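The structures considered in this document are given below.
Across the two complexes that follow, subunit A remains constant while its partner is subunit B and subsequently subunit C.
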Partner chain A sequence: MMTQQVTVDPDRLFFQSERRKLFVTGSEAVGEAIKRANVDVGIAYPITPQSESMHIVGDLYAEGYLKDYFRGENEFSVMSAVAGASMGGVRVFTATGGPGTLRSFEMFPTWAGARLPIVCAFLTRGVNSPLTIQPDTIEMAYMLDTGMIMFHAEDAQDLYDMILKAFVVAEQCDVHIPVGVFADGFFVTHTRDEVMVAPPEMKLPAYQPYSSPVPVMDMENVPFRQMRDPFVMKSNFISYAAHASWQQEVTAAAERARPYIQHYLGGLVEAENPGADILVIASGTAVSQSRAAIQTAAGLGFEAGLVKVKCLRPFPTEEMRALTGQCKAIVVPEFNRVGWLAREIRATIEDNGKVVGGPRVFGGMTMPTDMIVDAIRRCSA
Partner chain B sequence: MTRRMFKISAGFEEVMPPEYRELVEKGPFEKQLGVAELGTFKELLEEHPLCAGCGLALSLRLTLISLPSPEDTVIVGATGCSSLAFPQVAVHNIHSLFGNQNAVATGLKRALSLRFPDRAKDVVVIAGDGATCDIGLESVMHSWFRGEKLTTIMLDNEAYANTGGQESGMSQLGTVLNMAPMGKKFKKVAFPEVAKAAGCVYVAVAAPHQPRRLERSVRRAILIAREIGPTYVQLYTPCPTNYKFKPADTLSVIREQEKAGLFRPDEYLSPEAAAYIQQLEEAKG
Partner chain C sequence: MQEKTFIRMSGLGGQGVVTAAHILGVAAVRSGLLSTVNPFFGAEKRLAPAESYVRISTHPIRERGEVLFPDIILILHPHVITLGKCYTMPFFEGLQPQGKIIINAPEPLPLGERDLAQLAGLAAQLYYIPATQVAMEVAGTNLSTNIAMLGALLGVVNLVKPGALEEALTERFGGAKFIASGTTAALDDVLKGKFAKVAQLIEKNVAVAEQAKSCVQQYAL
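Here is the complex of A and B:
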């Protein structure tokens, strides 16, 4: 049965309410977030390891927490349908992962270009032939330049917090672009963890459709389009300039999200012992492995600091430069083949020869902390 | 919307383009206009950038004139020739991508139903044959399977015209087009039959050579979709550019194709849809 809920200010929901502890899976943490997110429409399509999260959202719909919910015919259509619903002025949520992310890929730059504040959870998995359903963050490499804001959750607590906060960041009038909340499939979705949650009687304020910087497609707000010489698909300078400036504006919208991310997430990064000569920089569950490895290394007499990257787009460029200015080596453990985070860091900092790309695991492997300890030890030599 | 929303802010009367001023003063909103009144009001389509003699442009113009409630209609389009015209249409319209139009329309319709439970908001999909029958088939069919209350209108010029005249599923058997250098190897898809089997409660085939019939088809499709379920209208819109006939011959090409049995105007109403239309007509007197 649905709990009677009242809307509260986001700051109260996030920071001032009395939280209670649950012992839940990552998928259930998604449900706990959506229960408090005042979502109008959820649209689902199954894919491992995401499916359970949208089952739970379906259950929430059946209980009355959402106003509409259905299963679409494939991920491309689902991402299209949430776009249509968002253009119609309601708050939407969906989730996918791995091949589903790629199946729907054409929609993500379209969401950003259309300034839709859609929140989507990406519960990542491998992309390969032969088929794999195992954990891997390779899809995040593909997502980096879609124009979406990207958060990366370390654990179920992050997943719960980031989904709720994503709606608030996405819906700011001067931002108003989609947010992808990424979490490592299986490692987060299918494991149980302690998660502190706000009271179920509280939910976010409803989405205000006319906070959109572009017209809501409802024939209730001007302008109704009519141009004599539209720039769409024209081959002339005005057309090029219009498209170029709009792409810049979408990028600028992500930049304008920084202060909101700072406020709600407490920053784009979190650092522990950043003055150490060796820094381990990671995102997602690689952060947990790194934290454990740093503790083990300390016991062996090797000191290392930790930088947890919570937000990948916009990228914490200034934070990264400031944090890495003094260190001698940077270890970047990752759950993917290409090492996209190491690539990002190398492209950001001046003295990038000190970035050690790895250790990396992929294809579904877990990352033994020993691999990270070894990397720290080698950098200490 | 209500007409008072559609106005020019004080002080801007002189700087607004004349066609916009005309739309505000003589537009079709909340007036119940149609083909019979053509020429007496400002149409929703402000000129168009399509080729001379374009059957699609003519059909789009007639379709827009036929909307029963333009003030509460949102159109979802798709990539193709028609997407060049849509920025010049004065109702809210969405171009998202190529082939996802019925999925976008599904989300939009559900959102508008939630936000305006007491006001009919018509969501009308208008897309080409490639967008509807080929690349968008899955989203079109599933919107019908789900019974979404949408109107789907195919502007069928029997080719991918905007990309330079390639074969589509709706091209006629044997037609030589780009990507069909030896002539098309399979028959034109019987899409109206597909629509019926997939759950459309109203299916019509029409063309701009009979404007009144086209108007009736579009209007019925939208009114039925509002209350009963998904509807489909297939408009034959020959393309002089890619089929290489004179722009002035578009309507005669339709008649010739009709005579040859390659185009056949048609109308199907499910019993429920027929009863609803009868009820509407009786209410009108």
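Here is the complex of A and C:
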């Protein structure tokens, strides 16, 4: 028996419904989003490290919010099964993180290449160098070029909102590629915080499989050409040209997502006091630490603005250029060793000598806000 | 009520460090305050170091993760200090001036001279509470040690409104669906198995907290 809910327009669910306050963890916020997302199938692999997210989705299946739910044999199998379900024309959700992301990695470019509007939550954890299960955003560096759209949630509220909105962005006919919603493990997944949610009686409209730009796989439509007659079976000019143009089309699809992201997320970035000489640019938990640090720095007489990056793919190239044109220094705090966000910003703006890579913590550490305050102070000198 | 109180709870896996933080956070929210709560632990196993953090404030809380600069530290087991089962070294690393430490131990621990001198330098206030004994005597189970520690905390600082702790206990154990990992769910079941009825569980734990309030003793530094 499915739980009865009312289908409402996405704009009403996101912007007009009366929201109520919950005191929940990030993992529970994932459940609240899926409860309202009209998801057909959830597929889980309960690896450690994981969060409780897919366990909660399992409970939602038992309560009649999903049509089907099962466990895969491993992470790779889950991501493959998710692809199969999506090719079959249903709305599908899963979640992973850290080593789980790496174990299933081959499937992510495959999802994008097959134009599958899968939504996956990546609840980031360190990867095994050496073994850890603590928070770290290193896996996002690897995910940047898979063809997926990438959102990065600051907190549980963002995670709830972004998962719901991800389905709507992913399923646009002119987009129709997967969206990864990233949130920092522990800092978001295990943290209990206030989250405003829409009424549970409401849900998104069902996925329309015939909005797909490639034929949906069913008994009337044979699998689309890439599957029926894969390029790998040939080695000639036509196969190379088809593959190359298709890769460009996947990239173009992400570009075409920009206006939808603008509408639903209110932009790829969010800026506070962008006229300041020093800008702190961050995504995820680093945004929260930066907010606290900027407040402390202001008390000490040092002014800094904040740019929160909400969407990493497509990258907010024009926004970044416009926001950083006048500032003298850019501080990029990150929860990973390599500093992938600093790298992205350096590759985007012209006057990139002013990008200060760091501060950074990794392998599970909490970034003391004082590290950011110190960076702001040094840039003020 | 202070504008902000950041609390670090250090204990051992299975003691309810995470649960205590959850209950305190809910009690704070029910008192009209803002709160965030989060734990830190490795692969879940008994007796391994586990920490949880509660931030309570009258203003929005931005900072995330571990509480690196706590106003209050709760130590749920002497081994946190004596065996170094702790995420920081020394166990009071980051404690703010005039900060408070509440330790579960039947008698004062043999802290090193350097530690005691540092604590005195911070003008810290050190308290001891035989929390496990209180839990055993009042509730008949050491699984209520975490609630005894919360009682001791509320005996030392007036953090939440009267009755909020009971409301939070009811919310956590009173039948409403609570989502936990398999290990935590199993422990919840063990705890519920210790009491004839959920109502009794809540009543006994409220009594544990009350008793703990009067058992907490300050140790002169």
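Keep in mind that, in the parts below, the second predicted complex is superposed on the first by the 360 of 381 C-alpha atoms of A that agree within 3 Å, B and C clash if a C-alpha of one lies under 4 Å from a C-alpha of the other, contacts with A are read in each partner's own complex, and residues count from 1 in each chain.
One rule holds for everything that comes next: a residue touches a chain if its C-beta (ideal position, glycine included) is under 8 Å from a C-beta of that chain, and two chains touch if they have at least 3 such contacts.
Not measured: the values here are computed from a predicted model.
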First (subunit B), second (subunit C), both or neither: which does A:Ser129 touch? neither
Determine, under the contact definition given at the top, whether A:Thr369 touches first (subunit B), second (subunit C), both, or neither. second
Have a look at where A:Gln4 lands relative to subunit B and subunit C in the superposition and call it first, second, both or neither. neither
Is A:Asn74 touching the first partner subunit B, the second partner subunit C, both, or neither of them? first
Comparing the two partners subunit B and subunit C, which touches a greater set of residues in subunit A: B
Check the residue A:Ala83 against both partner chains and state whether it touches subunit B (first), subunit C (second), both, or neither. first
Quick one: is A:Asp59 in contact with subunit B, with subunit C, with both, or with neither? Answer first, second, both or neither. second
Would you pull the subunit A residues touching subunit C in the complex into a rising list? 23, 25, 27-28, 31, 48, 52, 55-56, 59, 133-135, 155, 186-188, 190-194, 285, 288-289, 291-292, 295, 366-369
Given the complex with subunit A, which residues does subunit C contribute to the contact? 22, 25-26, 29, 34-40, 42-43, 62-66, 68-69, 177, 179-181
What residues on subunit A touch subunit B, complex-wise? 40-41, 43, 67-68, 70, 72-74, 76-78, 80-90, 92, 106-107, 110, 114, 209, 215, 217-222, 224-228, 230, 232-233
Interface residues, subunit B side, partner subunit A - complex: 1, 5-6, 17, 19-20, 23, 46-47, 49, 71-74, 76, 83-84, 86-97, 100, 103-112, 114-116, 121, 138-139, 142, 146
